[in-house]
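A quick write-up on the structure given underneath.
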Amino acid sequence: MKSKTRYLTLKIEQRMEFVNITNQVAEVVRESGVQDGLCLVNAMHITASVFINDDEPGLHADYKDWLEGLAPHDPSRYRHNRTGEDNGDAHHKRQIMGREVVVAVTGGKLDFGPWEQIFYGEFDGRRSKRVLVKVIGE
Amino acid sequence: MKSKTRYLTLKIEQRMEFVNITNQVAEVVRESGVQDGLCLVNAMHITASVFINDDEPGLHADYKDWLEGLAPHDPSRYRHNRTGEDNGDAHHKRQIMGREVVVAVTGGKLDFGPWEQIFYGEFDGRRSKRVLVKVIGE
Amino acid sequence: MKSKTRYLTLKIEQRMEFVNITNQVAEVVRESGVQDGLCLVNAMHITASVFINDDEPGLHADYKDWLEGLAPHDPSRYRHNRTGEDNGDAHHKRQIMGREVVVAVTGGKLDFGPWEQIFYGEFDGRRSKRVLVKVIGE
(Lines give C-alpha, C1' and ligand atoms only; values in the text may rest on other atoms or scores of the structure.)
Protein backbone atom coordinates (compact mmCIF):
# COMPACT_ATOMS: atom_id res chain seq x y z
CA MET A 1 0.00 0.00 0.00
CA LYS A 2 1.20 3.47 -0.89
CA SER A 3 0.17 6.61 0.91
CA LYS A 4 0.80 10.33 0.71
CA THR A 5 -0.24 13.08 3.09
CA ARG A 6 -0.16 16.81 2.51
CA TYR A 7 -1.44 19.81 4.43
CA LEU A 8 -2.71 22.77 2.43
CA THR A 9 -2.76 26.15 4.16
CA LEU A 10 -5.42 28.70 3.26
CA LYS A 11 -5.97 32.20 4.52
CA ILE A 12 -9.26 33.64 3.34
CA GLU A 13 -9.80 37.37 3.68
CA GLN A 14 -13.59 37.17 3.92
CA ARG A 15 -15.56 35.70 6.77
CA MET A 16 -17.34 33.31 4.35
CA GLU A 17 -15.90 32.20 1.01
CA PHE A 18 -15.47 29.11 -1.19
CA VAL A 19 -12.16 28.29 -2.87
CA ASN A 20 -11.59 25.66 -5.55
CA ILE A 21 -8.77 23.36 -4.37
CA THR A 22 -9.18 20.64 -7.00
CA ASN A 23 -5.84 21.27 -8.69
CA GLN A 24 -3.94 21.11 -5.41
CA VAL A 25 -5.63 17.83 -4.51
CA ALA A 26 -4.99 16.39 -7.98
CA GLU A 27 -1.31 17.22 -7.58
CA VAL A 28 -1.11 15.24 -4.33
CA VAL A 29 -2.76 12.29 -6.11
CA ARG A 30 -0.19 12.47 -8.93
CA GLU A 31 2.73 12.65 -6.51
CA SER A 32 1.37 9.72 -4.49
CA GLY A 33 1.79 7.36 -7.44
CA VAL A 34 -1.45 5.67 -6.37
CA GLN A 35 -3.32 4.20 -9.34
CA ASP A 36 -6.28 2.75 -7.46
CA GLY A 37 -7.35 3.95 -4.05
CA LEU A 38 -9.09 6.60 -2.01
CA CYS A 39 -8.33 10.25 -1.41
CA LEU A 40 -9.56 11.91 1.77
CA VAL A 41 -9.75 15.72 1.85
CA ASN A 42 -10.89 17.32 5.11
CA ALA A 43 -10.92 20.66 6.86
CA MET A 44 -8.75 20.48 9.98
CA HIS A 45 -10.73 23.34 11.54
CA ILE A 46 -14.25 23.07 12.87
CA THR A 47 -15.55 26.29 11.34
CA ALA A 48 -14.67 25.25 7.77
CA SER A 49 -15.82 22.65 5.25
CA VAL A 50 -14.56 20.66 2.32
CA PHE A 51 -17.29 19.82 -0.18
CA ILE A 52 -17.80 18.93 -3.82
CA ASN A 53 -20.08 20.91 -6.06
CA ASP A 54 -20.13 23.23 -9.07
CA ASP A 55 -17.59 25.99 -9.76
CA GLU A 56 -20.26 28.58 -10.58
CA PRO A 57 -20.22 32.00 -8.86
CA GLY A 58 -24.01 32.37 -8.87
CA LEU A 59 -24.38 29.08 -7.01
CA HIS A 60 -21.78 30.14 -4.46
CA ALA A 61 -23.67 33.39 -3.85
CA ASP A 62 -26.84 31.31 -3.42
CA TYR A 63 -25.09 29.06 -0.91
CA LYS A 64 -23.96 32.06 1.13
CA ASP A 65 -27.48 33.49 1.34
CA TRP A 66 -28.95 30.11 2.13
CA LEU A 67 -26.44 29.30 4.87
CA GLU A 68 -26.90 32.78 6.34
CA GLY A 69 -30.64 32.05 6.45
CA LEU A 70 -30.17 28.65 8.09
CA ALA A 71 -27.56 29.85 10.63
CA PRO A 72 -27.36 33.66 10.77
CA HIS A 73 -24.11 35.23 11.89
CA ASP A 74 -25.70 37.43 14.62
CA PRO A 75 -23.40 36.59 17.56
CA SER A 76 -26.12 37.10 20.17
CA ARG A 77 -27.96 33.98 18.94
CA TYR A 78 -25.39 31.45 20.12
CA ARG A 79 -24.47 30.27 23.60
CA HIS A 80 -21.13 29.27 22.11
CA ASN A 81 -20.26 32.95 21.76
CA ARG A 82 -20.43 33.44 25.54
CA THR A 83 -16.98 31.81 25.55
CA GLY A 84 -15.72 35.01 23.88
CA GLU A 85 -16.07 33.75 20.30
CA ASP A 86 -18.24 35.31 17.62
CA ASN A 87 -18.23 32.29 15.29
CA GLY A 88 -21.12 30.20 16.60
CA ASP A 89 -22.78 30.45 13.20
CA ALA A 90 -19.68 29.04 11.49
CA HIS A 91 -19.90 25.81 13.51
CA HIS A 92 -23.46 25.40 12.22
CA LYS A 93 -22.77 26.31 8.58
CA ARG A 94 -19.94 23.80 8.52
CA GLN A 95 -22.31 20.99 9.57
CA ILE A 96 -24.57 21.72 6.58
CA MET A 97 -21.71 21.75 4.08
CA GLY A 98 -19.72 18.91 5.67
CA ARG A 99 -16.19 18.37 6.98
CA GLU A 100 -14.71 16.11 4.34
CA VAL A 101 -14.96 14.35 1.03
CA VAL A 102 -13.64 10.94 0.05
CA VAL A 103 -12.88 10.66 -3.66
CA ALA A 104 -12.02 7.52 -5.64
CA VAL A 105 -8.65 7.42 -7.36
CA THR A 106 -8.78 5.37 -10.57
CA GLY A 107 -6.06 5.14 -13.20
CA GLY A 108 -3.95 7.52 -11.13
CA LYS A 109 -6.54 10.32 -11.19
CA LEU A 110 -9.44 11.71 -9.18
CA ASP A 111 -12.38 9.71 -10.53
CA PHE A 112 -14.85 12.53 -11.03
CA GLY A 113 -18.14 13.12 -12.76
CA PRO A 114 -18.34 15.89 -15.35
CA TRP A 115 -18.82 18.86 -12.98
CA GLU A 116 -17.33 17.70 -9.71
CA GLN A 117 -14.88 20.17 -8.17
CA ILE A 118 -13.51 20.22 -4.62
CA PHE A 119 -14.05 23.36 -2.55
CA TYR A 120 -12.70 24.63 0.70
CA GLY A 121 -15.56 26.39 2.48
CA GLU A 122 -14.55 29.05 4.97
CA PHE A 123 -17.09 30.33 7.52
CA ASP A 124 -14.81 32.17 9.94
CA GLY A 125 -11.96 33.48 7.84
CA ARG A 126 -9.17 36.02 8.19
CA ARG A 127 -6.70 33.56 9.71
CA SER A 128 -4.69 30.63 8.40
CA LYS A 129 -6.33 27.24 8.36
CA ARG A 130 -5.30 23.84 7.11
CA VAL A 131 -6.80 21.19 4.87
CA LEU A 132 -5.53 17.61 5.04
CA VAL A 133 -5.17 15.54 1.85
CA LYS A 134 -4.41 11.85 2.25
CA VAL A 135 -4.18 9.32 -0.57
CA ILE A 136 -3.98 5.58 0.07
CA GLY A 137 -3.95 2.73 -2.41
CA GLU A 138 -1.71 0.95 -4.87
CA MET B 1 -4.53 -4.63 -1.68
CA LYS B 2 -7.52 -5.53 -3.83
CA SER B 3 -9.82 -3.00 -5.42
CA LYS B 4 -12.91 -2.96 -7.60
CA THR B 5 -14.64 -0.03 -9.25
CA ARG B 6 -18.07 0.03 -10.84
CA TYR B 7 -20.28 2.76 -12.22
CA LEU B 8 -24.03 2.39 -11.79
CA THR B 9 -26.27 4.30 -14.18
CA LEU B 10 -29.65 5.57 -13.01
CA LYS B 11 -32.32 7.43 -14.87
CA ILE B 12 -35.07 8.67 -12.59
CA GLU B 13 -38.31 9.84 -14.16
CA GLN B 14 -39.22 12.24 -11.34
CA ARG B 15 -37.44 15.44 -10.47
CA MET B 16 -36.89 14.21 -6.89
CA GLU B 17 -36.81 10.55 -5.87
CA PHE B 18 -34.91 8.09 -3.67
CA VAL B 19 -33.86 4.66 -4.96
CA ASN B 20 -32.48 1.80 -2.86
CA ILE B 21 -29.15 0.70 -4.41
CA THR B 22 -28.00 -1.55 -1.56
CA ASN B 23 -28.17 -4.78 -3.57
CA GLN B 24 -26.12 -3.34 -6.43
CA VAL B 25 -23.46 -2.12 -4.01
CA ALA B 26 -23.42 -5.46 -2.18
CA GLU B 27 -22.83 -7.21 -5.50
CA VAL B 28 -19.75 -5.07 -6.20
CA VAL B 29 -18.44 -5.94 -2.73
CA ARG B 30 -18.93 -9.66 -3.43
CA GLU B 31 -17.21 -9.46 -6.80
CA SER B 32 -14.29 -7.52 -5.32
CA GLY B 33 -13.33 -10.46 -3.12
CA VAL B 34 -12.43 -7.94 -0.40
CA GLN B 35 -12.95 -9.41 3.08
CA ASP B 36 -11.84 -6.40 5.12
CA GLY B 37 -11.83 -2.89 3.75
CA LEU B 38 -13.84 0.17 2.82
CA CYS B 39 -16.53 0.76 0.21
CA LEU B 40 -17.05 4.28 -1.16
CA VAL B 41 -20.37 5.03 -2.88
CA ASN B 42 -20.79 8.52 -4.33
CA ALA B 43 -22.98 10.43 -6.72
CA MET B 44 -20.90 11.59 -9.70
CA HIS B 45 -23.34 14.43 -10.32
CA ILE B 46 -23.67 17.52 -8.19
CA THR B 47 -27.47 17.58 -8.08
CA ALA B 48 -27.73 14.09 -6.57
CA SER B 49 -26.86 12.38 -3.29
CA VAL B 50 -25.93 9.01 -1.90
CA PHE B 51 -27.05 8.52 1.70
CA ILE B 52 -27.91 5.81 4.20
CA ASN B 53 -31.21 5.71 5.98
CA ASP B 54 -34.43 3.72 6.29
CA ASP B 55 -36.31 2.08 3.38
CA GLU B 56 -39.68 3.42 4.49
CA PRO B 57 -41.94 5.29 2.03
CA GLY B 58 -43.44 7.58 4.67
CA LEU B 59 -39.97 8.75 5.66
CA HIS B 60 -39.06 9.38 2.04
CA ALA B 61 -42.19 11.49 1.59
CA ASP B 62 -41.22 13.40 4.76
CA TYR B 63 -37.73 13.99 3.37
CA LYS B 64 -39.15 15.40 0.13
CA ASP B 65 -41.38 17.87 1.96
CA TRP B 66 -38.60 18.85 4.32
CA LEU B 67 -36.04 19.40 1.57
CA GLU B 68 -38.58 21.37 -0.44
CA GLY B 69 -39.07 23.58 2.62
CA LEU B 70 -35.33 24.07 3.15
CA ALA B 71 -34.54 24.70 -0.53
CA PRO B 72 -37.71 25.30 -2.60
CA HIS B 73 -37.61 24.48 -6.29
CA ASP B 74 -38.91 27.92 -7.42
CA PRO B 75 -36.28 28.73 -10.09
CA SER B 76 -36.53 32.50 -9.52
CA ARG B 77 -34.91 32.14 -6.09
CA TYR B 78 -31.46 31.15 -7.32
CA ARG B 79 -28.75 33.18 -9.04
CA HIS B 80 -27.45 29.85 -10.35
CA ASN B 81 -30.49 29.64 -12.61
CA ARG B 82 -29.45 32.80 -14.47
CA THR B 83 -26.99 30.51 -16.25
CA GLY B 84 -30.02 28.95 -17.97
CA GLU B 85 -30.46 26.11 -15.45
CA ASP B 86 -33.56 25.52 -13.34
CA ASN B 87 -31.90 23.23 -10.81
CA GLY B 88 -30.45 25.65 -8.25
CA ASP B 89 -32.55 23.98 -5.56
CA ALA B 90 -31.07 20.57 -6.40
CA HIS B 91 -27.53 21.81 -5.61
CA HIS B 92 -28.79 22.83 -2.17
CA LYS B 93 -30.82 19.69 -1.43
CA ARG B 94 -27.80 17.58 -2.31
CA GLN B 95 -25.70 19.38 0.33
CA ILE B 96 -28.23 18.46 3.04
CA MET B 97 -28.39 14.80 2.07
CA GLY B 98 -24.66 14.44 1.22
CA ARG B 99 -22.59 13.31 -1.75
CA GLU B 100 -21.25 9.98 -0.55
CA VAL B 101 -21.13 7.25 2.03
CA VAL B 102 -18.18 5.16 3.16
CA VAL B 103 -19.18 1.74 4.44
CA ALA B 104 -17.00 -0.80 6.23
CA VAL B 105 -16.56 -4.19 4.57
CA THR B 106 -16.12 -6.97 7.16
CA GLY B 107 -16.14 -10.69 6.46
CA GLY B 108 -16.70 -9.93 2.79
CA LYS B 109 -19.94 -8.02 3.38
CA LEU B 110 -21.24 -4.49 3.94
CA ASP B 111 -20.95 -4.13 7.72
CA PHE B 112 -24.34 -2.61 8.42
CA GLY B 113 -26.58 -1.92 11.41
CA PRO B 114 -30.09 -3.44 11.41
CA TRP B 115 -31.83 -0.83 9.24
CA GLU B 116 -29.06 0.71 7.16
CA GLN B 117 -29.81 0.85 3.44
CA ILE B 118 -28.01 2.83 0.74
CA PHE B 119 -30.05 5.28 -1.33
CA TYR B 120 -29.43 7.25 -4.45
CA GLY B 121 -31.12 10.62 -4.00
CA GLU B 122 -32.10 12.40 -7.19
CA PHE B 123 -32.97 16.11 -7.11
CA ASP B 124 -32.87 16.95 -10.81
CA GLY B 125 -33.96 13.80 -12.60
CA ARG B 126 -35.14 12.84 -16.07
CA ARG B 127 -31.64 12.19 -17.41
CA SER B 128 -29.02 9.49 -16.86
CA LYS B 129 -26.63 9.91 -14.00
CA ARG B 130 -23.88 7.79 -12.55
CA VAL B 131 -22.95 6.50 -9.13
CA LEU B 132 -19.41 5.33 -8.41
CA VAL B 133 -18.80 2.29 -6.21
CA LYS B 134 -15.21 1.58 -5.16
CA VAL B 135 -14.10 -1.19 -2.81
CA ILE B 136 -10.56 -1.38 -1.46
CA GLY B 137 -9.07 -3.79 1.05
CA GLU B 138 -7.84 -7.35 1.38
CA MET C 1 -2.61 -4.00 4.69
CA LYS C 2 -3.64 -4.06 8.33
CA SER C 3 -7.15 -3.56 9.56
CA LYS C 4 -9.01 -3.45 12.85
CA THR C 5 -12.74 -3.27 13.50
CA ARG C 6 -14.48 -2.48 16.75
CA TYR C 7 -18.08 -1.84 17.71
CA LEU C 8 -18.75 0.66 20.49
CA THR C 9 -22.05 0.39 22.34
CA LEU C 10 -23.72 3.51 23.69
CA LYS C 11 -26.90 3.92 25.65
CA ILE C 12 -27.90 7.53 26.03
CA GLU C 13 -30.54 8.41 28.61
CA GLN C 14 -31.77 11.54 26.84
CA ARG C 15 -33.62 11.66 23.55
CA MET C 16 -30.96 13.99 22.07
CA GLU C 17 -27.37 14.18 23.32
CA PHE C 18 -23.77 14.40 22.05
CA VAL C 19 -21.01 12.23 23.52
CA ASN C 20 -17.29 12.63 22.92
CA ILE C 21 -15.92 9.27 21.68
CA THR C 22 -12.49 10.49 20.58
CA ASN C 23 -10.56 8.50 23.20
CA GLN C 24 -12.31 5.27 22.30
CA VAL C 25 -11.57 5.77 18.62
CA ALA C 26 -7.94 6.68 19.36
CA GLU C 27 -7.58 3.44 21.29
CA VAL C 28 -8.75 1.39 18.30
CA VAL C 29 -6.20 3.22 16.13
CA ARG C 30 -3.43 2.39 18.62
CA GLU C 31 -4.42 -1.26 18.79
CA SER C 32 -4.60 -1.53 15.00
CA GLY C 33 -0.88 -0.84 14.68
CA VAL C 34 -1.70 1.20 11.54
CA GLN C 35 0.81 4.02 11.02
CA ASP C 36 -0.62 5.45 7.80
CA GLY C 37 -4.21 4.89 6.75
CA LEU C 38 -7.83 5.82 7.19
CA CYS C 39 -10.22 5.44 10.11
CA LEU C 40 -13.96 5.22 9.46
CA VAL C 41 -16.32 5.94 12.35
CA ASN C 42 -20.05 5.59 11.66
CA ALA C 43 -23.34 5.29 13.48
CA MET C 44 -24.88 1.88 12.75
CA HIS C 45 -28.34 3.27 13.49
CA ILE C 46 -30.26 5.63 11.26
CA THR C 47 -31.43 7.98 14.00
CA ALA C 48 -27.90 8.77 15.18
CA SER C 49 -24.84 10.58 13.83
CA VAL C 50 -21.09 10.62 14.11
CA PHE C 51 -19.57 14.05 13.52
CA ILE C 52 -16.50 16.11 14.29
CA ASN C 53 -16.72 19.48 15.98
CA ASP C 54 -15.87 21.31 19.20
CA ASP C 55 -16.22 19.88 22.72
CA GLU C 56 -17.97 22.97 24.07
CA PRO C 57 -21.26 22.63 25.99
CA GLY C 58 -22.65 25.97 24.76
CA LEU C 59 -22.20 24.88 21.17
CA HIS C 60 -23.91 21.58 21.86
CA ALA C 61 -26.88 23.41 23.40
CA ASP C 62 -26.95 25.63 20.29
CA TYR C 63 -26.93 22.55 18.03
CA LYS C 64 -29.87 21.05 19.92
CA ASP C 65 -31.98 24.20 19.55
CA TRP C 66 -31.02 24.57 15.91
CA LEU C 67 -31.80 20.96 15.02
CA GLU C 68 -35.09 21.18 16.89
CA GLY C 69 -35.92 24.24 14.75
CA LEU C 70 -34.96 22.51 11.49
CA ALA C 71 -36.73 19.23 12.32
CA PRO C 72 -39.05 19.58 15.35
CA HIS C 73 -39.79 16.47 17.39
CA ASP C 74 -43.61 16.87 17.23
CA PRO C 75 -44.57 13.33 16.11
CA SER C 76 -47.68 14.51 14.22
CA ARG C 77 -45.48 16.22 11.59
CA TYR C 78 -44.06 13.03 10.07
CA ARG C 79 -45.66 10.39 7.89
CA HIS C 80 -42.93 8.06 9.13
CA ASN C 81 -44.59 8.05 12.55
CA ARG C 82 -47.73 6.45 11.11
CA THR C 83 -45.71 3.21 11.20
CA GLY C 84 -45.96 3.42 15.01
CA GLU C 85 -42.67 5.24 15.53
CA ASP C 86 -42.28 8.65 17.13
CA ASN C 87 -38.77 9.31 15.84
CA GLY C 88 -39.38 10.85 12.41
CA ASP C 89 -37.52 13.96 13.53
CA ALA C 90 -34.46 11.89 14.46
CA HIS C 91 -34.12 10.61 10.87
CA HIS C 92 -34.01 14.23 9.72
CA LYS C 93 -31.64 15.55 12.38
CA ARG C 94 -29.22 12.74 11.58
CA GLN C 95 -29.07 13.84 7.91
CA ILE C 96 -27.98 17.35 8.97
CA MET C 97 -25.26 16.10 11.31
CA GLY C 98 -24.14 13.17 9.12
CA ARG C 99 -23.70 9.42 9.51
CA GLU C 100 -19.94 9.07 9.52
CA VAL C 101 -16.51 10.61 9.57
CA VAL C 102 -13.34 9.42 7.86
CA VAL C 103 -10.19 10.51 9.66
CA ALA C 104 -6.61 10.24 8.44
CA VAL C 105 -4.22 8.14 10.50
CA THR C 106 -0.65 9.50 10.32
CA GLY C 107 2.27 8.38 12.45
CA GLY C 108 -0.01 5.93 14.20
CA LYS C 109 -2.43 8.62 15.41
CA LEU C 110 -5.65 10.37 14.42
CA ASP C 111 -4.37 13.25 12.28
CA PHE C 112 -6.45 16.06 13.76
CA GLY C 113 -6.54 19.82 13.69
CA PRO C 114 -6.31 21.68 17.01
CA TRP C 115 -9.97 21.40 18.08
CA GLU C 116 -11.26 18.36 16.25
CA GLN C 117 -13.11 15.89 18.47
CA ILE C 118 -15.34 12.99 17.41
CA PHE C 119 -18.91 12.93 18.71
CA TYR C 120 -21.67 10.42 18.75
CA GLY C 121 -24.93 12.29 18.17
CA GLU C 122 -28.04 10.62 19.54
CA PHE C 123 -31.47 11.78 18.33
CA ASP C 124 -33.66 8.92 19.59
CA GLY C 125 -31.99 7.67 22.75
CA ARG C 126 -32.90 5.49 25.69
CA ARG C 127 -31.81 2.25 24.03
CA SER C 128 -28.46 0.69 23.14
CA LYS C 129 -26.93 1.61 19.83
CA ARG C 130 -23.66 0.80 18.13
CA VAL C 131 -20.89 2.76 16.46
CA LEU C 132 -18.50 1.04 14.07
CA VAL C 133 -14.81 1.95 14.05
CA LYS C 134 -12.68 0.53 11.25
CA VAL C 135 -9.00 1.31 10.64
CA ILE C 136 -7.20 0.24 7.48
CA GLY C 137 -3.65 0.99 6.38
CA GLU C 138 -0.07 -0.03 7.02
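A, B and C label the chains in the order they appear, each numbered from 1.
Everything below uses one rule, namely that a contact is a pair of C-beta atoms (placed from the backbone, for glycine too) under 8 Å apart; a residue touches a chain by one contact, two chains touch by 3 or more.
Here the structure is a predicted model, which means the values were calculated and not measured.
Participant: Hey, how far apart are subunit B and subunit C in touch steps, shortest way?
Facilitator: Between subunit B and subunit C, the shortest chain-hopping route counts 1.
Participant: Interface check for copies subunit A and subunit C. Shared numbers divided by all numbers used: above half gives same, below half gives different; which is it?
Facilitator: Interface between subunit A and subunit C is built from largely different residues.
Participant: Report the inter-chain centroid distance for subunit A and subunit C in whole angstrom, where each centroid is the mean of the CA atoms.
Facilitator: Comparing mean C-alpha positions, subunit C is 20 Å from subunit A.
Participant: Please set out, as single numbers or ranges, the residues of subunit A touching at least two other chains.
Facilitator: 1, 38, 70, 96, 98, 102, 136
Participant: How about subunit B: which of its residues touch subunit C in the complex?
Facilitator: 1, 36-38, 51-54, 56, 58-59, 61-63, 66, 70, 96-98, 101-104, 106, 111-116, 136-138
Participant: Give every residue of subunit C touching subunit B within the complex, in rising order.
Facilitator: Touching subunit B: residues 1, 3, 5, 38, 40, 42-46, 70-71, 77-83, 88, 91-92, 94-96, 98-100, 102, 129-130, 132, 134, 136 of subunit C.
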